[in-house]
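Across the two complexes that follow, chain A remains constant while its partner is chain B and subsequently chain C.
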Partner chain A sequence: MNMPTSSPHEPVIAINGLSRRFKSKLALETVSLAVERGQVFGLVGANGAGKTTLIKHVLGLLKAESGFVRVFGRDPVAEPVAVLSRVGFLSEDRDLPGWMRVDELIRYTRAFHRAWDSAYAERLREQFQLDPAARIKQLSRGELAKAGLLVALAHRPELLVLDEPSSGLDPVVRREMLEAIVRTVADEGRTVFFSSHLLDEIERVSDRVAMMAKGRVVLQGRLDEILESHFRLTLRFPTPPPAQPKLAGALHLTGGGLEWTALCNGARGELEAAAAVLGARIVEDTPASLDEIFLARMGGERSISDQLQPKVK
Partner chain B sequence: MNSPAAALAWEIWRKNRFGFLLLLVFLVVCLGLSRLATHFAAEASRLSSLLPAAAAEVIEANARATDWSSLAGWWSGVLLGLSLLVTLAVFAFAESSRMRGFSGIPARLFTLPVPTGRLVAVPLVSGVCFVALLYFAWSRLVLAPILPAELTLPDGYFLLLLSAALAGFQTLVWTLPGFPRTRATLLTLLVSSVAILSALPFAELNRWSERMPALMAIYGVSLVAAPFVAWLGVAQVRKGEWRDWPALTALLNRLADTVSRRRDFAGPAAAQFWIECRRNGRLALWSLAVVIFFILGVNAILLLDGRAYGRASLDAVYGPVLLFLVFIWTPVLGLMVCGEAATRRLPLMTFQATRPVAVGALVSAKLKAMLVVWLAGWLLAALSVGLWAMWSGQLDAWYDQFYRERDLVIVGVLSLHFLFGLFPLWLTGRVPGLPWSFVVLLIVYVGLGNVIGWFGRHPNWRETALLLIGFAAALKLGVAFLAFRQALKQKWVRRDFVFGSVSIWVVGTGFCLWLALRFMGRGDWDDTPLLPLAVLVFPLARVALAPLAMAMNRHR
Partner chain C sequence: MLLHISPKDGVPIYRQIVNQAKYLVGSGRLVPGEELPPIRVLAEQLVVNPNTVARAYAELEHAGVVTKRHGSGTYVSDNGSPLKRGEKLKILAQRADGLVAEAQHLEIDLSELLELIRERHRAMQSKE
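Entry: the complex of A and B
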């Protein structure tokens, strides 16, 4: 199968204005993002944010209602063979055929990939301690995830798509899985597009992050830039403010009495000036974690949607 | 809803609203047909008493009465059978899992503070009450008015049989979730036994009056024992002590491993063909073997008892095997291949949908697997009946069935038609799987049978029949052309898929036409509609639509 390779400068995944509705529920709303070659792209969001729906569009399992999806410059719905032969996928629900044996699964998957690396597959099988004679339905959740990762990795795909790879796994298996993914990227410079709601996992391995809420991408960028651009300011007021203070540029404000903490995303100088206008003094300026940024962004989303709700008298 | 029992009963209702609605629709439709048949029969009888038998009004009224009586009889028989199957499905109270097949009582209920006895009792008692009500509604409202006057239904017998069958079905489903093969075998045997036992009151060869009390006693004991067995079994499952039988499982796995795949596949097509054959074929052939073995077993008992002999003994095997093979096994096989046998679901698994092959390759593998398993089923049936014939000294009669009787060839071609059933519709994955799609298929075929039967009884409508057949043939070819063109345009299939399908259709249709010409030559068939009907039998449009349907399933 000689598939023409897309240009090295072209994004591996390009999504533009993608929307999708399931009956009355808007699952994706004008989502746009690009995943560059060699990147580890983490998709983060709460349950029901639209991560799996987005991944299904990338794999061509769902058709774009509006907007477009291109993987290696191709439409995954129109050209599934050209796209899927270069993709390794691990699904969240790990729906491998329960009646198969592990060795049958490996043999079966191998038939679809010319670039299948048997030695690598065997090494992974030994590393993951998978019994070749075991039936898939008899595997534990962790073993099932490992079996899924094995068949997703063994043909050395150019793009690895992982939907909640650590969902329901214990910390030991999670670490093993992440190490295998990281090695894939580090050794071979592959592209990884993965979703998770485990922020420490995203923080550990991602180069670039997109945060999703209610079908929309609310924030995306390089992980280091996101972390740098967000910080936490602790404000001290001379007297307790009568209501929650409104600090321009603050995404989220918590606290009470004299001391309030704001998670901010903006120019420090402007925030200091805004704090001075309120009569507050900045007593602490610390970097924000991805976890805090996520919560602040999600909180923001919630408050925006709350504002949209009609008021009930 | 302030008690666990009410909550469990509500769950049964809520999960199966569609099933209950279907049961009501079946009953209402047959009630209407039964009333119409009774009305037209009374009208014919009234006219016969007033006018001479040769009067045009009497002839017309008698023909109408026959039509409606036949219509009501057909539909009542089929829809009553389907209602009972739907009732079994509804009160099985099981949930399926993609990975592990279908469960017994959903394990999530085991974490609720409800005693096992109540978990078992609610679906069991409600199921038994419901099946009794269902039987009474059908017997009193639908069947009684249309049955011949000399035939009365033994209500007590059927009530006990159906209640015991449902309770037995539930007990097997709930107590053996850790033993899927054993459970599938026992369930097949149970359903086959109930079918045979339901026919006993109407059969001529049996000593009915002697047997009935003994059979009713057996049903009564089974009905009383079922709740206790179910309670014991579910209690074991709940404690986690009845999930597995390590020695037996290891033995069965070792047996299964002897035929596990040890060679690499030649390519994606071979791998895809293997997975389609493997995931559905074994189960399909195993269930067929179980039913054939059961039919042979029952006949062996009769033969040893000295009550069935000669040609009748072969017919007693051949008839039921053929009926099961053609009308139940074949369409179910077609349905199974479209989805997953273990879970009875039709949507494509993500694992399958993400294989890097074209839609046409997925469809080809399904078609090939379906045909191979179907041929294997026929071979299994032929060999089994042949072995029986050899054992009972009826080899000549068995030979006749194959070489001298045209019926078998026609049944074979019809069976192929049933195999494809509503193939494109099932492949879309957007309709429910077993048993619902099977119900719809049977209704479609019974409807078609009725229409063909009606035209057969009204020769003056032959022109219209020919027009309809011609229209259907043109529609079939038109749909096939458009569907193939679309599939080629979208690159879902390659030209060799189209070429292969059309070639097989040409050869198959040629064979059907040759058969039709032979029967016409013998002069024992009405020849006019035979040729255009022969063009309709072999599937083409459904094959052409299959890639489009599969694309709908894969890219939603």
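Entry: the complex of A and C
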């Protein structure tokens, strides 16, 4: 077995103060994160938030302008072979050679990996129902994604990097892809670093998440801790406040008229006291979904439109 | 063990598993001594991270709902959970809240509602 050369306590991916500029556009701004061994780390953000640029740095396809990137304790740009031999990667555009047949793709990829497991590759091919004689360019989107995942998995990499693995796929194939990821983690405690704009799948499979917006990480942490530390309080006022009320400790406020809902991340007691100061009563206290937390952390662009058009109840 | 995970409602998935497993034990759908699915089997079935299932099982063990037997698996505790009665009442309290609210809405007063419950209880027992 290929034993990890780095210490088990060292993060599999360590990124510190990474910034990247494309011409005048700041694509990444002082991004720092650590992915521990055995963890599924979900990178969430809208298109253009910088997820793919970040992934390219992890793979050594882009060189850090400032800050640093270490994978298994090594610089992926300086030591691409040492790093990439331990990584399986599925790119968003699944750039596979269209003229090859599925069996040729498998043989071709095998040549790059000493650790290739032919029996496992064959098992995955059967599981994914891929015809060995089919041409890559004639595969459906779903089959293409599964072929890409097969060649990313069959050398049993310690780290699996997936860029939007289920982008553009129907729910059935999406589920198959997620099942394969879950199985990968369950089997041998592999580490997975994946990006998605689908909060549902991020929430299903991640231990830890980082939310990205405009090149910055706006929030990161253990997924369950993020969910448990954010909540929604609905306040009811005796008379409609003249303007959007300001609740100390609330990240984001929506509503109108007598009822306003605040997305909060703080001590409940302090928020209750702050509500009492405003003369409002808390009529509901509910969990906040990842989607709501994300929007609130994105800087409240929605709150502006909500202010212009108060929700009618 | 039939569980339904809904990622969108803001409750962490490990907590959803814990709550539903407690419900199944409390309502008698899982009986003492019954084996829970192995972590990886449940993870694949629910399509969730196996670490999440492991955390849920650890919480259930901590709460006394299940017991891990060395090298074999996870089983519903023999004595049931110490929380069992409390959990049962909690489940019923949720149902009762709905029933009381519905009765108020329909302008049925409490004594009529209680009488209805007794009547339904009698009807059920006569069927058995």
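Everything below uses one rule, namely that the second predicted complex is superposed on the first by the 294 of 313 C-alpha atoms of A that agree within 3 Å, B and C clash if a C-alpha of one lies under 4 Å from a C-alpha of the other, contacts with A are read in each partner's own complex, and residues count from 1 in each chain.
Quick note on the criterion: contacts are C-beta pairs under 8 Å (C-beta built on N, C-alpha and C of every residue); 3 or more make two chains touch, one makes a residue touch a chain.
Predicted model, so just to flag it, every value in this text is computed and none were measured.
In the superposition on chain A, A:287 makes contact with chain C only, not with chain B. When the shared chain is aligned, chain B comes close enough to touch A:98, but chain C does not. In the superposition on chain A, A:207 makes contact with chain C only, while chain B stays out of contact range.
When both complexes are overlaid on chain A, the residue A:113 reaches chain B alone and has no touch with chain C.
Those residues of chain A that touch chain B in the complex are listed here as 59-63, 77-81, 83-85, 87, 89, 91, 93-99, 101, 103-104, 107-108, 110-113, 133, 135-137.
Interface of chain A with chain C (complex): residues 38-40, 175, 178-179, 182-183, 185-187, 199-200, 203-207, 223-224, 227-228, 230, 286-292.
Against chain A, in their complex, chain C makes its touches with residues 5, 7-15, 39-40, 43-44, 47-52, 55.
Within the complex formed with chain A, the residues of chain B that make contact are 98-101, 253, 257, 260-261, 263-268, 270-271, 274-275, 278-279, 342, 349-351, 353-359, 490-491, 554-556.
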